[in-house]
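One chain, chain A, links the two complexes that follow: it is found with chain B in the first and with chain C in the second.
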Partner chain A sequence: MGMLKYSIGRLLRALVTMAAVLSAVFLLMRLLPVEGYFGDRSDAMNEKVKEQVLKSLGLLDPWYKQLGNFWKDLLHGDMGKSIVYRKGVSVVKIIVPKAKVSLKFGFAAIMIEKLAGIPMGVLMARYKGKFFDRFGNLYILLINALPAAVYYLLIQLGGFGLFGVSMLYRPGQIGTMILPVISLSLGGIASTAMWMRRYMVDQMNMDYIRLARAKGMTGSQVAFRHMLRNAFIPMAQSLPASILFTISGSLYIESLYSIPGMGGLLVTAIKRQDNTLVQALVLLFSVLSIVGMLLGDILMMLLDPRITLGDRKGEGR
Partner chain B sequence: MAELEKVCTKSFLPEERRISAQGGKVFAKNTESSAGREKILSVQDLVIKFKLRGQVLTAVRGVSIDVYRGESLAIVGESGSGKSVFAKSFMGLLDNNGWVDSGSILFDGCDLTKISREKEWTQIRGKRIAMVFQDPMTSLNPLRTIGGQIREALLLHGSLSRAEAKEQTYRILADVGIDDPKRRYRQYPHEFSGGMRQRVVIAIAIAGRPEFLICDEPTTALDVTIQAQILQLLKGLQKKYRLTVIYITHDLGVVAKVADRVAVMYAGDIVEVGSCEEIFFDPRHPYTWALLSSMPQLRAKGEELCTIKGTPPNLYQTIRGDAFAPRNPQALVADFKARPPYFYVTPTHAARTWLLDPRAPKVEPPGHIKRLGEEGGWRNG
Partner chain C sequence: MGDLFSRFHVKNRIYDRWVQKADGEEEVTDDMFVFAGNDMAEAEHTGYSGYSYWKSTFRMFFSNKVSVGILVFLLLLLAFTFLQPLLPDQKSPTEIFINPQTGTQYRNVRPNGEFWFGTNAIGQDLWSRIWYGTRISLFIGLCSAAFSAFVGIVLGCIWGYARKWDKLFTEIYNVFDNIPYTILRMLLIYILRPSLFTMIFVMCLTGWVGMAKYIRNLILIYRDREFNLASKCLGSSAGKIIVKNILPQLVSAIMLDTALAIPGAVGSEVFLTYIGLGLPVSMPSLGTLINEGRAVMLVAGQRYQLYFPVIVVSAITVSFYALGNAFADASDPRNHR
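Now for the complex of A and B:
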C-alpha cells in the first residue's frame, strides 16, 4: 500500500519535472541563432525568403503560442523535421533506428559489466588484502590509467588477428557484436567492481554484521545473506539511468566498428546547426535522465523497506 | 614505607599464600562458597594484543578469572580498560588486528584460544556463547524483517524446519516481551523503538539456546526507564533459560541491579573481584575506591562530583607495578616497583594491591566509601 502510494507520488513529481524541463529547453532553444533553420543555402536566400521560412515554421509567433504548438506536436509524436542532417526527414525517424542500435550494444555491455563487476567486487571485499583483491585492484588501475583508445584498438586488432572476428559490425551477425560489447564493458566492469568492493567494505564494519557473526554465521554466509543486498542499494539507484543512457551511444566504439548508432549525433547536429535535431536530442536526454532517476528511486524502494516518500515517521535508522 | 619497598624489591609474595587484609588468616583454595559450583569458564593469564599503526598495544594484560555456571558477573571499568575486548575474545570476535597472545580460556573444558578455524567458532558462537551488543539502533540489519533475523539464528543452530522455526520465533518474541509477535515478525527494524530493538537483539542472542550470555553495555544506548525494563528482562531470561551472564558496563547502577559478582578492570587487568556486596561495601583496591567515589549517588546535591585525576596509562608501553599507582594519591613506593599479586580478603574477594600485604602501612579508604560500607542503605534508595 505504502509502496503504491510512493510510486504514484514519485511518478507525478517526475511528470511535473518533465513538463517544466521540456518547456524550459524549448524556450532556451528559441535563443539559438535562426540560421539553423535555413539549411545549407542560407547565403543564397534573401531576407524575404528567410522570413517566409521562419513564418512557415511558426517561429515568428509570440513565444507562448510557439510553446503551445510545440506541446501539441510533441503529444502527437511530432518533433519536427531535420533541416541539414537529412533534409526533410522527421527527426523521430532519424533518432529511433540509431537509438535502437546503440541501446542493443549498451544493454549487452551493461549486463556484462554488472554480471562480472558485482561478483568481482564482492570477492575482492571478501578477500580484502589477499591475492584476488590485489589482482582486481591491478585490473581497475590498469583500465583507469590506460587511455581507452589503446585497449579498444588492441581488442579490435587482437580479435581480428587471433580469432578472425570481423573488424566491422554487420547488422544481423551476432558474432560481430562481441568485440565492441567487450570493449564497451571493460571500463564498466572496473568501476562496478570498485564501487561494489567499497560498499561491501563499508557494510563489513557495521554493527549488524558483527551481530550476524556473533549468531554463528560463517564469513560467506554473512557476506551473501546480509552484506550483498545492503551493499547493492547505493548501486541500484543509478542502474536504470545507466541502462537508459546507453542510448546516447559511444562515439569512439561506434566509429571504430562502423556501427550506425547514436554516438556523436548530438555533436554533429550542433556543428551543422540542425536546430530541430539538436532540440529533439536535448529533449530526449532530459527525459531519459528524469525517467532514469524515477526508475532508480522505485528500484531503491523495492530493495529498501525504509524508503517512503515524505514520510517523516521513519526517522530512526 | 621504606620497609615495604625493601620487601617488595626482593621478591613478591607467591600467590598461593592468599593473605587476608587483617593478616594471618589463610583461606584454602576452594572453600564452601565456591565448592559446590561448577566453573563454566576459566580464564588463565590471558594476554590480548592489538597492532595499531605499526605499534603493538596490550589491551588485556594477563587476566585470570573463573565464571561459575548460573551466576551473573559484571565487569566494570572505564572506557579503554579492555573489558569489552576481554569478553569478545570468548567468541573469537576480536577485530582483525587483534590476537590472543598467551593464556587460555577454558570453556566447558575446551580451550577457546586454540580455535583457529571459523567453522569451529560457528559451533560456539550463538550456540553456546551469545552476545548482546551495545547499540540496538545499528545492531539489526535494516533491510530484513525482525522475524527473519531471529529465525535465521534458529535455523543456523537447530534442526528445525522453516515453519517450525517461524513458530519458535513467535514464542521467543513473546518471551522477550514483544506484544503481537505475528505482526511484529513481519516488521522491519526502523518500525521499532530503541528499547524494542534491544529486545530483538536479546531474542536473537537467546534463539540458539546458549548457556553463556555476554551483554556488552546492554543499556548504555537506552534511556533510563527502558534500561530498567531491559535489565529486568535479562534477569528473567537468565532464570528461565538457566544462563550464565557476563555484563560489561561502566554503569555501577546496572551492576548493583543485576550482578552476583563484580570484577573491576583497569588498564587491561582485573584489579579487584568479589561479590556485589563485597565490592560495594568493602572495596579494597584504591581504584575501586576512586571508581565508587565518582558515583553521583554518594554526593549531596550541589556538591562537586569526585573525579579521578590523571589519565589511564599508555598501553603501548610496558606497565611496571600497579597500573593505577600514578593516579593514586596514596600510592606506596612498592606500587611503582612490582605488580601486586591477588590478595584474598575472603575466599570470594580478591584485590591486586600491596595495601593488603600484612607489611603494608594501613591506608584508610576515603570517608564516604567507609560510610557506604557502614550504612549499606544507598542501594535500596
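Now for the complex of A and C:
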C-alpha cells in the first residue's frame, strides 16, 4: 500500500516538474530567430509571405496564448505535426521508427556494458592493488578523461584499418553493428566497473563477509554469492532508466556510422526550428527519465526487502 | 548512455571517487601491543602534533612521483601554449598560404621543415592552428571551471546550510536538472549566436548545477556534526562555521570536481563544434581541428590532420584528470597520517 501511495505522489510531483520543463523549453524555442521557419526558400519570400507563414503557424499570437494552445492540444493527446522537418507528417510517425533503431543499438550496448563491467569490477576488487586492478583503473581513467569523440573516431578508424569492418552501418548486416555497439558500451563498462569495484571494496570489511569467510567459504564464493548480490542493488536502480534513455540515441555515434536513429533528430529539429518536433522530443525524454527513475526505485525495492519507499524521510528526492 | 544523459555518469563518478577512500588500512605490528606503563607526567601531557592541513596535503602530493611528473608536463605544456605566438617564425593560424611558384594554395602538405605539422585542406598551417586552438579550448575550460566552482560552492553552501531554502532550491534544481543540457545549450547558442563569449556562457550556465547539488549534499553531512554544534554554542556565526569548519572538509571534493570540469568543457566544445554550433571559423579550437581532421580521415596520407589534434586533446584531458585525482587523494584529510 505504501508503495502505491508513494508511486502516485511521486508521479504527481513528476508531472509538475515535467510541465515546468516543457513550458520552459517551449518559451525558449519562441526566442529563437525566425529565419528557421522559412526553410530553404527564405530568399524568395517577401515580407508579406513570411508574415503569412508565421501566422499560419500561430507564431504571431502573444506567447501566453501560444503556450495555452500548446497545452490544450497536448491534453487532447495531439502531439502535433512536424512543421519543417517533414512537413505535415505526425511527429509520432517520425519518432517511432527512429526510436526503435536507437533502442536496438542501446540495448545491445547495455547488455555488453553489464556483462563486461560487472565481472571486471568484481575482479578488480578481488585483486585490489595488483596488476588487474591497476590495468582496470588505467582503462577507467582513460575512458573518463578522453573526450568521447576522440576514442569513437579511433575505434572507427582502427576497426576499418585493422579488420576491414565496414565504416557505415547497413541495416540487416549484423557485422556492421559491432563497432558502434562497442563504442557505445565503452563508457558504460568503465562506470559499471568503477561502481562495482568501489562497492565490493566497501563490503569487504563488513561483518557478514567476515562471518562467511570464517564459515570457510572461499574468496570467490563470498564474492559472487554474497557481495555481488548486495552490490547489484544500487546498480538495479539505474538500470531501467539507462535502458530507456538509450531511446534518445547517441548523436555522435549514429552520425559517424550513419545509423538512422534518434541521435541527430533533436539537433536537426532544433536547427530547423521544428517546434512541434522539439516539444514532442523533450516531452518524450522527460517521460522516459521520470518513468525510468520510478521503475528503478520499484525494482530496487523488489530486490532488497530492507528498502521501503513509502515512509522515506529526508530532503528532496 | 546517450550524449544527452552523459552527465549522470559524471555526477556519480565524482561522488564515487570521493567516497572511495578508506581503501588503505594501517598495518598492525607487534610493537603496538607492548605494555606502556602508567606515567603520571605523560598523562598530563596534551600533545599538539603540529599538523598543518596544507603542509600535509603538499607533502602527500609531492611524494607521488607520477603526479609530480604530470604536473610538470602540464605546466610546461601550458607555458608553451601561451608563449608559442611570441616565439620567432610563427605563422598566423588563419592565413592561407600560397605557393609562390604555382600560385595555388598549399593544400594538405604533409609535415615538413616549413609546415611542422603540415597544412590543412585549404592551406592553413596546422602547427600554429593547434596551439591557437589549445589556447582557446583551455581558456574556455578554465573560465567555465572557475565559474562553476565559485557559483556552485556559494549556492551549494546556502542551499545546504539554510534549512528554510532547501525545499525551494530543490524544486528549482529538479526543473533545471530535467532539461537535457544539450537542448538548453543548443537553444541558447542559437539565441545568442555563436561566439567565444556564448560558448563560455552556456558552459557556465549548466556547469554549476551539479557542483551546487554536490556541495549541498556534503554540507548536509557535516552541518549537524558535534564540532559544529560546539562551535555554534560558542557563538560562531553561520558564515564562519561554513568557511572555517565545513569547507576545508570539502577541499578534495571541490578540487576534483574543478579539475574534471576542464576536460569536461574541452570535450563539450568538441561536441558542440561537431553539431555545427562551435566558434566562428576565424577562431580555430581543438574541436574545429578534430572535425577538420575527421573530414579527411578516409585518406590514409592525410590522417596526420586528425592525429595531431587528437594527441594534444588527449594529453591535456588525461593530465588534468589524473592530476585532479592525485590532488583529491592528497588533500583528503583522511589520507593524512
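Quick note on the criterion: the second predicted complex is superposed on the first by the 231 of 317 C-alpha atoms of A that agree within 3 Å, B and C clash if a C-alpha of one lies under 4 Å from a C-alpha of the other, contacts with A are read in each partner's own complex, and residues count from 1 in each chain.
In this section, a contact is a pair of C-beta atoms (placed from the backbone, for glycine too) under 8 Å apart; a residue touches a chain by one contact, two chains touch by 3 or more.
Worth saying up front: this structure is predicted, and the values here are computed from it rather than measured.
Looking at the shared chain after the overlay, A:305 reaches chain B, while chain C stays out of its contact range.
When the shared chain is aligned, chain C comes close enough to touch A:198, but chain B does not.
Of the two partner chains placed around the shared chain by superposition, chain B is the only one that A:216 touches, whereas chain C remains out of contact. In the superposition on chain A, contact of A:226 is made with chain B only, not with chain C. In the superposed three-chain model, the partner touching more residues of chain A is C, compared with the other of chain B and chain C. In the superposed pair of complexes, A:31 makes contact with chain C only, with no contact to chain B.
In the superposition on the C-alpha atoms of chain A, the part of chain A touched by chain B in one complex and by chain C in the other spans residues 316-317. Considering their complex, residues 206-208, 210-219, 225-226, 229-230, 233, 303-306, 314, 316-317 of chain A touch chain B. Touching chain A in their complex are the following residues of chain C: 1-6, 8-9, 12-13, 16, 19-20, 22-23, 166-167, 170, 173-175, 178-180, 182-184, 186-188, 190-191, 220, 263, 266-267, 270-271, 274-276, 290, 294, 297-298, 303, 306, 310, 313-314, 317-318, 320-322, 325. Within the complex formed with chain C, the residues of chain A that make contact are 17-18, 20-21, 24-25, 28-29, 31-33, 102, 106, 109-110, 128, 141-142, 144-150, 153-154, 157, 167, 184, 187-188, 191, 194-195, 198, 201-202, 238, 242, 245-246, 248-252, 263, 266-267, 270-271, 278, 282, 285-286, 289, 315-317. Within the complex formed with chain A, the residues of chain B that make contact are 91, 93, 118-119, 121-127, 130-131, 133, 135, 137-144, 152-153, 156-157, 188, 190-191, 193-194, 201, 204-205, 207-208.
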